[in-house]
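What follows is a group of structures, each given as structure tokens.
Common to both upcoming complexes is chain A, partnered first by chain B, then by chain C.
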Partner chain A sequence: MRGRLLLLQIAGPALAILFGMVISSIIILAIGRNPLEVFGLMVRFSLGRTDSLFSILFKSTPLILAGLAVAMSFRVNLFNIGVEGQYYIGAFFAAYVGFSLRGLPAAVHLPLALIAAVLGGMVWGLLPIVLKLRRGAHEVITTIMMNYIASAVLLYLINDIFRDPTQVGTPRVRTPDVAAAARIPSLAALFSPFGLTGSDVQKLNALLLLGVLLAFVLAFVLARTRFGYEVRAVSANPEAAEAAGIPNARIQFWVFMMSAGLAGLIGLNDILGFFGYLDIDFPKGLGFLGISIALLAKNNPIGVIPAALLFGFLDRGAQGVQFFARIPKETIVIMQAIIILAIVVAYELLTRYIRAQRKLEAEAAAPVGPPAAAEAEP
Partner chain B sequence: MSDLFIELQAITKRFPGVTANDHVDLAVRTGEIHAIVGENGAGKSTLMRVLYGLYQPDAGTIRVRGEPVAIESPRRALEFGIGMVHQHFMLIPVFTVAENIILGSEPSGALGSLRLREAETRVAELCTQYGFVLNPATRVDTLSVGEQQRVEIIKVLYRGAELLILDEPTAVLVPQEVDELFANLRRLREQGKTIIFISHKLDEVLQISDRITVLRRGRVMGTVDAAGTSKARLAEMMVGRPVFLELDHPPVAPGAVRLEAERLWVEAGRRQAVRGVALAVRAGEIYGIAGVEGNGQTELVEALVGLRPIRSGRLRIEGRDVTHARARAIRLMGVAHIPEDRHRRGLALPLSVWENIILGHHYRDAFVNGPLLDRQAIDAFVRARVRDYDIRVADVDAPALALSGGNQQKVIVAREFSFEPKVLVAAQPTRGLDIGATEFVQRQLLEARAKGMAVLLVSATLEEVLSLADRIGVMYGGELVAEVGRGEAGAAELGLYMTGAKRSERPPA
Partner chain C sequence: MEVLSSLVSLALIASAIRVTMPILLTALGAVYSERGGVVNIGLEGIMIMGTFFGAVGNYFFAQAFPSLVARAPDVAPAAGVLAAVLAGVVFALIHAVVSVTFRVNQIISGVALNLLAAGLARFLNILLFTQATQSPGVRGFTPIDLPLLRDIPALAPLVRGISPMIPVGLLLVILSQWVLLRTRFGLRLRAVGEYPLAADTLGVSVTRMRYAGVLLSGALAGAAGAYLAVEQAHLYFEGMTQGRGFIALAAMIFGNWWPVGALGASALFGYFDALSLRVVRLPVPYQFINVLPHVVTILVLAGFVRRAQMPAADGVPYSKEEE
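Coming up: the complex of A and B.
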């Protein structure tokens, strides 16, 4: 029975992806193309070329962090929709540390920049969580508002305060370059002995390793530590946790801070790992993708990795489809959206099904349990 | 031999994985009170739902007055004269008695006008006929629970029911109300009505019914005449083995005061839920709190274990002031808590059995190794608990929601009795448990008392308080309106306190 339930849980995401493909097929058919051909092209383009593989890994790096950030907040029944804004601020903090300090060794400068990014995310997460715990203001509303503020603040900081003076007069609105010591090292050196080179290889950086490491660390913390146990108890039943003497609010606060801190790292893949500066056109929307990824991964930190890779794959595939088959990229965006909808529905149905199954099992076992159990009592 | 109103033959009702009714035969004579008893999950409710048209049987026949019939819906059941009085009332508080009774079958005039006067007359007639004390023009929200139940019964009679099914009708009543209900039921029987009475309270069943059918695990264990059987015999039929109904209550010399509340005031929202309650529980005694639910017991318990702020007054544990202490501090001082709602406060159902067994102990030094949980120590502890308390679970990694209610309660008891607590606050510890599990929990409470724990037992079941407690306090309207020693007052007197009809100046605690 348990094996079957586990299988069902894995079947959920798979079915959702399949369902997304079916709906996308209808759309592709509607614009007069052959869906099989399009999917075939997507797979060949994304998985058949080494530059695509590196590109997928590069795209997945911030998505892993975003997925972890959202998943952590979901773990304590909080909806951190503010990952988006938190990573803007984290990115700025890191960039500021990167371009304002000079002459530090990389061993000091890069960790400083990473810490700054984490702090930036936390600063932006602080107000919503304090309002939530002290005043009961719903975090969904406050974090969305904070996203708008972050966006405006970032624009102001880049455009009016910290704009690279050498770029004034050009259309480029960006900060000065980050010191080389604060850049995240590329992983290209690992691959060049195998003859793997090129811009996509060059872009892949050590933040990927940090993201994967963090996923495993979080999984370990949740499963094995006292803190993780308390997090799971709060998540499973806050009232029972409270009765057991677990301070719900404190647990929620720190997990939300972890979530916001992780969010702060998301932007670094591009800022410190690739561009070397923060400009107003840096990639946005990663925080919202994080929500989808956390959902797909069912808030499991390890599950976030394949979920992020899937989104990286879809994104890369979309580029190929657009370029080679002249199919608008939006088709793939629709597919992503359908998959998310399907996941939500599939999980809800699965949860109900599993709950019903367990209840039946319990009921079936009930007449046997208590009388037999009581017999043992002399 | 009187004629049969209802005859069920080999009724079988299956749900996926469970056979709720397995070839059930039941014959109910016209004009008798027929009780159906059995533990939770024995199939009583399913059988009644089949009879009332809410479920369709998978096999078997239903005969009403000798004719085989199919009962597809409650409406059809009423056409056959079968009506059901539900355990949970379905009344609209702002409507009058008459308005509630006619709801769904309103008498109307030519232009659809409601003929309320006519309805009130009809209701008044029914009340007189069956000896029900009820004013048809009273608003339902001003009625007591017992009176509301009368409205439900009249409602069924109004629709022309000849057979009334009462599902656990005494669960919500205080002793005096039970007596009145029984008087009403006897009157109905005199007038030729037939009654099916579902219960698991054997004393009441023996008192009111003519014949009794016992169900166990979906099967009929037998039908007996009430006059020719005994409580012990019925209990054995229900459980399948002899049951010790009388608990041994040896005298224990009470020790020092362990838990002391002084004029406690506790709020629930803006309402003062607990109003100046003072009590003291000594080592080696069970202090029982009786009362109709909703009279402040829940809030009092939550305040005592640090889950609800104390507005004013003092709370001391072993002489130390813990008025403003938090749940964890109070736990670590040796206060164990069996919450009244095990699913809400007691267990984190999605978590595994082992995680639930250490819940609230997980921060003890014994179970942590720096920031990590010490799985070896925990495993050893959990294994010992599962063995000592005979928790029936195949795998301690299974989620707690896969356990039966009795085993879930055992998880809580096993957990709360760990680490030698000094005070035990047990709220409704046997609620929803069957005889076997109830017996287990009650024995544990007595054992705790024998070991010198100070036990505060809050229970809505008066018999439980009477049989276990050394002293009994009665709560009404947030106040402790009486305090009596063991054997000083019977159910009848306590019932008066419970309804607020009487209060005593209790001796200082």
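Coming up: the complex of A and C.
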């Protein structure tokens, strides 16, 4: 039974990905192209070139953080759809600390910028969670509204208040440069001894390590600490947890804050790790991808890492097919969405199947004789 | 004083009614879906499909039948609305299959639907118009004057030269209220949303009723999208829904899950939406004026949601064997 369960756990995502490929194949066929060629090109382009491998790691870095942020909120039955807006604000907080302070050593400046990012995310997550717990306002809608407000605030801050004065008169709308001491160090030095260089190697930065570390820390916290136990209790059965003296509201509040804080870090891969300033056209939509990644990973922090890598791979592959085969990269976006729909169905069916199996086993293991008498007892 | 008078002018109210329509139609759809017990966060995505297919249906119908459109120009926008409604139903069907048949969490299914819609609209737009974000311009319906009311001069901006979709939308509110309160279908739909087990025991198919609610929500959100593209902007462009699908959900909640309530709440949002389009002289940066409806949405949810009575089984998947 155990071995079969494990097999099924792997089969779920695999089948969902396959289903996503089948639907995308139909789309590719519909536009008169050969899906096998396209997928072949995608794999060759994404996995057959070292610059692609580094690019995938770079793209996966914010996705790991986004996946973790969403997964944490899902763990306590909250839907933080506001990761998107939270990372806008986190990115601005970090950029502000980065460009407004000068002359600090990196050992102080960078941690300050990271803390600012986390705080920025939390600031933006505070209102929805307080309104949820105090007033019963559904967090899905309030966080989505906060996303729109975050874009407006960011546009105002970058365009009207903190626009780099040296860029006025150009079409560039961005903040001044972040101090070198607040930049996240590149990992290129680790790879140059092996002859691996280039812009994609240069982009890869230490935030990746932080993301992976956080995934393991969160996995440990959830599995091994008292707080993690309480989180799991609230997740599994809120009423029972409350009855056992675990205050749902407090756990939900802090986990949501963790989620928003993690979200604050998402933008730093580009802002502090690559560009060195916050541009109005900085990468957006990562928070929404985080939802997909959390679902794919079944809210498991470790599972977020391969899920993020898969999405990084798909994104890079999409660039490849767009450039070399002139296939719109949106084909891959559609594939991602189909994979998500398929995966949630697959997981649901799997959960039901396992429950049915357990029930059968329990019935088989039960002592012979009518259980009616036992059930009649209070 | 100037600011104040610009807050209540008749022209502003006329504009508010216009921008209320897409929110209202989607909120009506949400009422059907949630009365049946299915939360449909995917309405935003369905609206996006509605905007896209509204413009596309309109554009290609006019291309395909130029002589017919020359004689009866309103046929093309009607084709657009029809295409949008169909697209909305197809999209809602995905939500129904995933969340009713497979009983996946309804929020998750809706979120995935929104991601799918955004990608699909871009993809199809590239296929049809070689660029991702915008369709060619299309013609709207010929504006109409409301009979009887058109002769009252004071009401002129409200009743003359308006979109025919506006009176239709308002009639749909009354019709929906009647359907939910008085018809067999409405009672069954509500029963399924309140207490599916009881409805099931009495021989009402929970699955079929929930499908009906979700598909109706898709049709209405599709029409709402078509209104935005065909009647308001006269083209499709990316991001034109601006979260109105979510705002409509808030309007439905604020309207206490009833069509007439949804009308009142949508009008409130419409007013702030119109204000955000119009008032440029307020001493507030324009970026913040744009998000006025979103701010109001949060305030409304925070202030009034507690009094609301949502259907008891709203958002809860129903399965015979597990009850």
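The rule is short, and it goes like this: the second predicted complex is superposed on the first by the 366 of 378 C-alpha atoms of A that agree within 3 Å, B and C clash if a C-alpha of one lies under 4 Å from a C-alpha of the other, contacts with A are read in each partner's own complex, and residues count from 1 in each chain.
Here is the rule we go by: a contact is a pair of C-beta atoms (placed from the backbone, for glycine too) under 8 Å apart; a residue touches a chain by one contact, two chains touch by 3 or more.
Owing to the predicted nature of the structure, the values given are computational and were not obtained by experimental measurement.
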item: Which of chain B and chain C A:69 touches, first, second, both or neither; value: neither
item: Contacts of A:31 with chain B and chain C, given as first, second, both or neither; value: second
item: Partner chain in contact with A:218 - chain B first, chain C second, else both or neither; value: neither
item: Contacts of A:244 with chain B and chain C, given as first, second, both or neither; value: first
item: Contacts of A:325 with chain B and chain C, given as first, second, both or neither; value: neither
item: Which superposed partner A:142 touches (first chain B, second chain C, both, neither); value: second
item: Chain B/chain C common contact set on chain A; value: none
item: Residues of chain B defined as touching chain A within the complex; value: 15-18, 39-42, 217-218, 239-241, 305-307, 326-332, 337, 339, 344-351, 355, 359-360, 362-363, 367-368, 371-373, 375, 390-392, 395, 398-399, 401-407, 410, 433-437, 439-440, 443
item: Residues on chain A engaged by chain C in the complex (per definition of touch); value: 27, 31, 79, 81, 127, 131, 135-138, 140-142, 144-149, 152-153, 155-156, 159-160, 288, 291-292, 295, 328, 330-331, 333-334, 336-338, 340-341, 344-345, 348-349
item: Chain C - residues contacting chain A, complex; value: 41, 94, 98, 102-105, 107-109, 111-113, 115-116, 118-120, 122-123, 126-127, 132, 242-243, 246-247, 249-250, 253, 285, 287-288, 290-291, 294-295, 297-298, 301-303, 305-306
item: In the complex with chain B, residue positions of chain A that touch it; value: 2, 224-227, 229-230, 232-233, 236-237, 239-247, 355, 358-377
